[in-house]
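Got a structure for you, written out below as structure tokens; questions coming shortly.
Labels A, B, C and D are assigned to the chains in the order they are written; within every chain, residues are numbered from 1.
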Amino acid sequence: MAVSSSATSTVMNNVEAVRATLYEALKSDDRTVILGEDVGARGNVFLITKDFINEFGPQRIIDTPIAEASIVGIAVGMAMEGLRPIAEIQFADFIYPSFNQIVGEAAKTRYRSNGEYTCPLVIRTPYGGGVRGALSHSVSIEALFYHVPGLKIVAPAFPADVKGLLNAAIDDPDPVLFLEHKKTYRLIKGEVPDGHYTIPLGKANLLKEGTQLTVVSYGLYVHWALEAAQKLQEEGLSVEVIDLRSIRPMDKGTILRSVEKTRKLLIVHEDNKFGGIGAEISAMVAEEALFHLDAPIRRLCAPDVPAMGYALPLEEEYMSSPGEMAEAMRELVRF
Amino acid sequence: MTTTMAKTDIKTGKLERYGLTDDKLRALLRNMLLQRQLDNRGFQLNRQGKVPFALGSEGHEALQAGAAMAFERGKDILAPYYRDLGLCLGIGLSPYEILLSIFARAADHNGGRQFPNHYSSKQAGLMSFSSILAAHIPHAVGAAYAIKYRGEQGRAVLVTSGDGTTSEGEWHESMNFAAIHELPMVMLVENNEWAISTPLDKQMAQPEIWKRAAGYGMPGRRFNGFDPIETYGAVKEAMDRARSGGGPSIVEGTCYRYLAHSTDDNDMTYRTKEVVQERRKNDPVPRFEALLVEYGVMSERDVEAMRKDVLRETNDATDRAEAMPYPQPSDLYTHVYEGAWEPWQ
Amino acid sequence: MATTITMPQLGETVTEGTVAQWLKKVGDSVDKYEAFVEVSTDKVNAEVPSPVTGTIREVLVKEGETVATGTPIAVIDEVGAAAPPAPPPAEAPKAAAAPAPAPASSNGAGSSAVSNGTPDSALRAASPAVRRLAREHHVDVRTIKGTGTNGRVTADDVLAAASMGPSAAVGQAIASATPAAPRTAAPPPSGTSTYGEPIPGTVVPLNQARRIIAERMVESKHTAPHAWSMVEIDVSNVWKWRTREKDRFERETGHKLTLLPFFIRAVVESLAAFPLMNGKFTPEGIYVNKDVNVGVAIGLPTNLVVPVIKNADQLSIKGLAIAAGELIDKARRNKLGVDDLSGGTFTVNNNGANGSWASAPIINAGQAGIVTMEAVIKKPVVRDDDSIAIRHMMNSCLSLDHRVVDGYVASGFLADLKKRLERMGPEGSL
Amino acid sequence: MVPKVDTSFERHDLTDEQLVALLRTMVAHRTLESRGFQLNRQGKIPFASAGEGHEAVQAGAAMAFRRGVDVLVPYYRDLGLDIGIGVTAYEILLSLFGRAADHSAGRQFPHHYASRKLGLYSISSVIAAQLPHAVGAAYAMKLRGEERAVLTTCGDGATSEGEWHESMNFAAIHRLPVVVLCENNEWAISTPLSKQMAQPDIYKRAEGYGMPGVLVDGMDPVACYAAVKTALDRARSGGGPALVEAKCYRFLAHTTDDDDRTYRSRDEVAERRKRDPVPLFERTLIENGVMTADDVEALKRSVLDETNEATDRAEAMPYPKPEDLYTNVYSANFQPWQ
């Protein structure tokens, strides 16, 4: 990452990191507007845009009607007409009505006009479970969108990455879907460098080095995978942990280098297994590093059910725990 | 059903021109003739096997010519839909550009990517759009928001749709948002009574679309879309209001779709020849020709000369466009993102 | 009954709360569902209702203090009816039996390909990495004892076998035939195939170990141009030192004290002085090993094995003696594991035990040299002052990979080794 | 709307018993809602939402609903409507606690009740997503020639969704037996009506679709009953759909996760509390001789007892089992790889 102004840093949680970055973007560029449900006086339901409306006014902090298709669609028009909109979908579960505007419009605008029109747009949305959000406040949506050329997808796990990647997303000349795991919002705190910096999209982060197994994850599960890997370290097993950070583009080099070293790959994600991000990673590694593999690639992902239920046992069964991750790692190391 | 054409001033008994000069009236007719000629050319090329698809807007000529004249080039933005050939011509696209698009040549604005009739030109203020009904309307709202947010005076967005599009959720969401923020936007509905095979009474229980405007808290009005002058007056009034901070409105022009939906459609499966012939009596093109002759704006010979000129220009454009090269296979890979890009990095 | 009240989670992403105000003091009575404390979080402010009727016994968190959700904040002495029972664990099967799900395979990372097969097929299943490495290192996977699940041969197993050269592979082949790993692809029964009892006029069939030794010896001889050199070393002082220490050493450690550890000690010191001798030839250049892992060739009735003393340069003579003793012991009991046999960077061959006074050993592939200890023989020696004395003399022979080093380095190494050994003893600290 | 000060009222043919039942639904609504908040603040449940201020419109509408005949497609703030058509306090609490015996077996978020027996449809939290379902159900009724109707509800914010518009348009084209009851409480979480729409009278949109639109005082349960009954009666008898807008108010925050002090003033809420429908209707019934003050007290006690009993019973019930996560994904056992 390139830190431009100072080497000092501030401890923040992920909510504060998103907020600080959005604030900077609003402050530094008056083309930036934020639109979404309850982003104004309420300051977003997670208080990410708290007080923005007081400083930047209702013209730039736009409380929209409950109409997700138009939240994204209007942002597309703003972007085509030279603003830098940051659209918010209140929960990722509500993004479906705007599916066409994201997949059919935003992602194709540059292409269909042969570059004459572009759509520099950020769509932020909190996703993920572990917060008792049940069927409509817990979903992971990344697999529905990562298939789409023209769109970029980011899913950071750490506050410093949130800032660097959100800055990069805002600067990006193309539409970016910025996924924020809501369980990490207040749970995860960390040092965030002061001043403006960006982290390039498509660069994974090697969080922990190891020799016997590569674990690839993103979002909340990165934290749990790291916890599990550290536990295994105490048992004398050496696991390498990679935080993807960007889902599209995805960092092939980091994954391949690691797999060629450890010869074993475990992919951990919260989204459903069938057709998930892990499927693409598995296919890529099978295509490019088959003769380095010393064990079948494994995926620890959500089961093939539509959602996590509200009742605690249903949520726990749906999600993978650090303990389950550790067990999968042990099995694979010993394989 | 027959509709009247050309309001006359009650006091003077003269043609109500809404300030249009003779030159402008002739320009209206030329646009209408060119639109019909180019529409026809698309169908001809399709039947010759030279292009895979064409889509006609016969019956919309008056409405589009009139609305285009209310558009201020270099200032306003047009967010059209796919049956707006006349509008796109009227705001400045040339027949050659139209034919490049029909032939999908490399020199087309979209590099031959888009379906015919999906024109765009940043320079002309013509927004890029897809075939998805109503998907462009929030974009128009966003553009109007940008204009208002930057405090730009004297600019507005003209967005169009057919009657069927008003059933889409995005149409509704867009109207609501534009009204809340009093955006400089005009929603022009070209009500041609047919959404492919779906007639108006299966599209909505309220056939007067402009009446929805009250539900959003904005003005609405209806006009005779077979009359290019009345259309100009209605759209100009709405655009002037939008440009001067008066907020959005819905203007509904009634017209008719004389042809099938596209070269891929056979309208005789859902409506009769007799009905279409009956509606042809109101065909705006010959009627507007007759009107201009009647009021002495043009002679019959002038009209004939204009027709020939339009045909010549169309033929020239066709030959020139057809001779242009296709895009390269490698052009498939450009403009996915800015710069070269691979999903695996 | 006392009820402990914890900081509730107010908001789905909230992790901590601040006690804004105690609405009840210690000693106050409180009704079930009556608010007794106001809590603020960064999402909401809320009054927390009591879960029981009772009296506030204790307040554990001061106003203004922020604690994690779940932290005890107060204790209430309950009066009257007991609190409703906590939900029992969901044990009772539901009336309508649910279709038996098969979550583990779709959810978990449960093993897929291999676990579907029989144990035997699992044993034989060599991963793509194993096949590639085996091909690159000319190792027959079937001869390697796997350390993975169900005895699967792992990529590390192959690399270990490859780095040990022929004898290591042989050792593994032997180990794989022991009862400890009965399902290993064992060599065919070979009662007639040992050195001991060849039947004249018959062909002694090659067992796997023999076959590998043959292949690896040919490979080494063919790829590494061997050169040879020998020095004669006066080991009289070392001999004396060893003789004095050996009884006590054996008593204390259970291992015999031979000349070997003294010799290895001198070898590792010489290797430090001549690091190229601890290298290996690669097409890119001479790779100089960081670690000094000394293989010790041990002759067994059937085969030769070369277990490795890892990081031998970091061991004292005593440490080397114990390490070597353990390896020899294991070798005789067929207990050498892959770790014992892998990773050698240089080899010492104790040929002299059988009386040999000169030999020309074959280098372990992937190393730069192998050095021998020949038999210690008492000889009359003309000393520097022209006097004649009876000394304990030992030849040491070196085979070297001429691609790695030339005679200049090799003879320097041998001279250095000789000098170090002659300086050792007659007394010192082991 | 100007607050009503006098308590004279039009009965619309409701008997004393029905009037008392209306009040009981309203009191039960408020008590159960309060219980959800209390359980959340005690840390026993992760979430609850609130409908205080909606008691009158929901009790009234529920009384117009014909049990065993009509279908209710509610939204997530319809606790009172659900109670009014027959969901019990115990069922409500099973849902709040996420227990196995809940209709959704602990899957759904609180206040997303469903009961096939009662004609109560299953809904999601996604705004306006239920409206097309209501329209589809009404289409089925019309196709089969049944004298039934669908009552579907939404808040004011939901009217901004494209699906709301599409549903209204389709219902009007086919003259379907569906009544869309919009509970206009002026707030969509933090978004006030003025930012939700430029036209604050939602019922006026009806004309644009070609159906009748009606405005009713949502703080008056009897008026709400009458308006919804008229619309449902017409719908059942082939008269087509209608849009009924009941103006009410949301007294509490959106949910237990929300703090409404960040976006509206206490003065505004206090002012609107003056028309709190529960005490207002109590007073109306007492002053018109339908109940005595003691009767009202007894009714409240009875509701509280029932709520307490239901709370303890529901809390003691078991959670679903982890393996219940895998059932009812499809009609039979299913794996994506076959």
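By our rule, a contact is a pair of C-beta atoms (placed from the backbone, for glycine too) under 8 Å apart; a residue touches a chain by one contact, two chains touch by 3 or more.
Keep in mind that this is a model prediction, so the values were computed, not measured.
Asker: Could you quickly compare A-D and B-D and let me know which has more C-beta contacts?
Answerer: Spelling it out, more C-beta pairs touch across A-D than across the other pair.
Asker: Calculate how many whole Å lie between the centre of chain B and the centre of chain C, each centre taken as the average of the chain's C-alpha atoms.
Answerer: 77
Asker: Provide the C-alpha centroid distance between chain A and chain D, rounded to the nearest whole angstrom.
Answerer: 36
Asker: Which integer distance in Å separates the CA centroid of chain B from that of chain D?
Answerer: Centre-to-centre distance between chain B and chain D: 45 Å.
Asker: So how far apart, in whole Å, are chain A and chain C when each is placed at the average of its C-alpha atoms?
Answerer: 39
Asker: Of all the residues in chain B, which ones touch at least 2 other chains?
Answerer: Residues 169-170, 173, 176, 180.
Asker: Which residues does chain D have that touch at least 2 chains other than itself?
Answerer: 46-47, 99-100, 160-163, 195-197, 257-258, 319-321, 323-326, 335-336
Asker: Give me the residue numbers in chain C that touch at least two other chains, ranges are fine.
Answerer: Counting only residues that touch two or more other chains, chain C contributes 12, 43, 90, 103, 106.
Asker: Line, ring, star, complete or other: which describes how these chains touch one another?
Answerer: Topology of the interface graph: other, matching no listed pattern.
Asker: All pairs of touching chains?
Answerer: Contact pairs between chains: A-B, A-C, A-D, B-D, C-D.
Asker: Which positions of chain B touch chain D when the two form their complex?
Answerer: For chain B paired with chain D, touching residues are 167-173, 176, 179-180, 182, 201-206, 211-218.
Asker: Using the touch rule from the top, collect the residues of chain C that touch chain A in their complex.
Answerer: Counting only chain C, the residues touching chain A are 12-16, 42-43, 90, 103, 106-109, 111-114, 127-132, 148-149, 152, 154-155.
Asker: Would you tell me which residues of chain A are touching chain B in their complex?
Answerer: That would be residues 33, 59-60, 62, 64-65, 67, 69-70, 72-83, 85, 97, 100-101, 104-105, 108-118, 149-150, 152, 173-174, 202-203, 248-253, 284 of chain A.
Asker: Would you mind writing out the residues of chain D in touch with chain A in their complex?
Answerer: 46-47, 98-100, 102, 104-110, 124-128, 157-158, 160-163, 188-191, 195-197, 257-258, 262-264, 319-326, 329, 334-337
Asker: Give every residue of chain A touching chain D within the complex, in rising order.
Answerer: Going through chain A, the ones touching chain D are 37-38, 40-43, 45, 50, 63-70, 93-94, 96-97, 131-137, 274-275, 303-314, 316-318.
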